[in-house]
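For reference, the structure is listed below as structure tokens.
Naming follows writing order (A, B, C and D), and every chain is counted from residue 1.
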């Protein structure tokens, strides 16, 4: 089994998720800037989710680079990841349309957490399939981003019951953490150790 | 004619089917968990259909692996399969939004049956095109899953007129039957024979 | 410039057109077979358009097979074709939801005609770009299907002002004409000549 | 990192943007030509945006042709471009449904300007990554179209506060400027210099 179709299929699903999210930005009926302003929370939630999908696509791209053979387990673990990511447009729309209400931040965080866990499962299955000299295992050896994300999502979920701003700040922080180029940070961390 | 474009086109259609299904999960207007709970049946039907599309993509992937030349008949048999699968979002949404009412389970089963028949037709045409030493024929020789699915769908359709739970159980059972890794089951069956 | 991306992009657009068409099959609110029956005209129009998109994908596949170099003119002629085909979901939905009313059949035929003309323009530009020994020119030399389709669409448009059934019959006839395998018909025609 | 997946992903997103735009052409409930006429402004805005997406796809195609290695910066600059282009369906729908009202032309122009800037950023990052003998730098050396577009978009935005027709004319002019084949114009310009 080759990995080409798995990559193409995942790319297709991620591209569609990215693009149908914008359908939640419903075209206002009046042609003034005020009606556009009402869409601002939806727009903000769209930006955040766009970045998250971008991060997942980027990471998926890297992870699959190390894979040479795809088996049934990898295939289904990949579909499991796509399942949780397919809920991003729903969670994003609910959060934006309800102006980042507490419950919507809980659900958004839960979706991020489940996607993070699904990504970790996929990664573990690939590492296991590669055996002792796994390339992927070496690459993610000091994967402090991957390791710290699920606890941070959990923190965001807990915070969402008390304060929507703190919760949202955690989700934005995780996104920025992934966005900042790896090498420089890793060098800094390397020097501190 | 090469099979690359047929695979890419099928992947594209399946990826879109998978992703637009989530549009049936309509964003609730109020931001409380109760309004989310009302979406639970739609969510359940989404999970079931997501798995079915995953199974079809997986099987399609395997079947096409054995194909080297694509002719017009294969191309149209493939489009015929995609036609029935394109109805999955409709059948799923109708079933979920009506809380698995009897009639919706009948239609869902009919759609699964037609897709199953279309898959069987595609498989038969490929086997015929490969001639006597068909690789695909050998591979599906003891294809007890493929053979038992249509009768099970038919059972689900008949049951849907009397009891929605039994009917739904059959559809879930068929999905799980395909999900469980092949080799182990085949070994068990091999031992029993 | 290679043709791979042009094929992939066209496949993507055609796959999406095919799949979003099904969104016009709006999920009925009540869970009985009667409400499903009301969707029957929409379903019929969906089948017809699904076949047309399948035909275009099939023909596009064949035409591109003969192309080795893509230039700017081919690229824009291809986008022009995709433009008219992108209107298929709209024309299909309008026709189905209004139970094949006269005006909707006029518009459906106009859309088919424009797509047919756009296809012919693309074909002509490719033949011109291939010079005197054009492979495509030889292949479509006796292209009686391509030549007879635009006049037939025009006939359908004219008939749509008088009788919706005759007009629809013409559109169905053209679709069937393309569906029936080439060789046998060409042999029959060859014998008659 | 290879550029294949980046191209495929971008193609996927652009193909979906192109196709979901047509969903703004909402199927009218009555089956007469008058109700179709009301959709004419939406149709016009669709044509304009279809051409713009076509231009971006075309240019992206050419730009990526010169790229051999993709790094993280290129990847995110590309996603940044796709972000602004993903807003095209929204801006198009708002403009069309409000019959090209002033505010909608401001927003449409702002979206075009941001996409233009994002394209320029992507181009600059690729040129920088290619070092001194950048192929792309040579290719866009006299890129008068790329250089004149952002000022023209800005002009269109300013004009949109006073007159919607002049503003729209600027956006149409920029699109036509890109549509007209390069060589002939460059020759004319070359002769004038």
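Heads up, the rule we're going with is that contacts are C-beta pairs under 8 Å (C-beta built on N, C-alpha and C of every residue); 3 or more make two chains touch, one makes a residue touch a chain.
Owing to the predicted nature of the structure, the values given are computational and were not obtained by experimental measurement.
Visitor: Give me the chains shared as neighbours by subunit C and subunit D.
Guide: none
Visitor: Over the chains that touch one another, what is the least number of steps taking subunit A to subunit C?
Guide: 2
Visitor: I need the rotation angle between the copies subunit B and subunit C from a CA superposition, between 0 and 180°, in steps of 5.
Guide: 90
Visitor: Please state whether the interface between subunit A and subunit D is built from the same residues or different ones, using more than half shared residue numbers as the mark of same.
Guide: Subunit A and subunit D contact each other through largely non-matching residue numbers.
Visitor: Can you give the whole-Å distance between the Cα centres of subunit A and subunit B?
Guide: 28
Visitor: Any idea how many Å lie between the Cα centroids of subunit B and subunit D?
Guide: 39
Visitor: Quick check on subunit A: which residues sit in contact with 2+ other chains?
Guide: Answer for subunit A, listing residues that touch two or more other chains: 8, 12, 16, 20, 23.
Visitor: Which chains touch, pair by pair?
Guide: Chain-chain contacts present: A-B, A-D, B-C, C-D.
Visitor: Which positions of subunit C touch subunit D when the two form their complex?
Guide: The touching residues are 1, 5, 8-9, 12-13, 16-17, 20, 23-24, 72-73, 75-76, 79, 82-83, 86-87, 89-90, 93-94, 97-98, 101-104, 107.
Visitor: Within their complex, state which residues of subunit D touch subunit C.
Guide: For this pair, the touching residues of subunit D are 7-8, 11-12, 14-16, 18-20, 22-23, 25, 27-33, 36, 47, 50, 54, 57-58, 61-62, 65, 179, 181-182.
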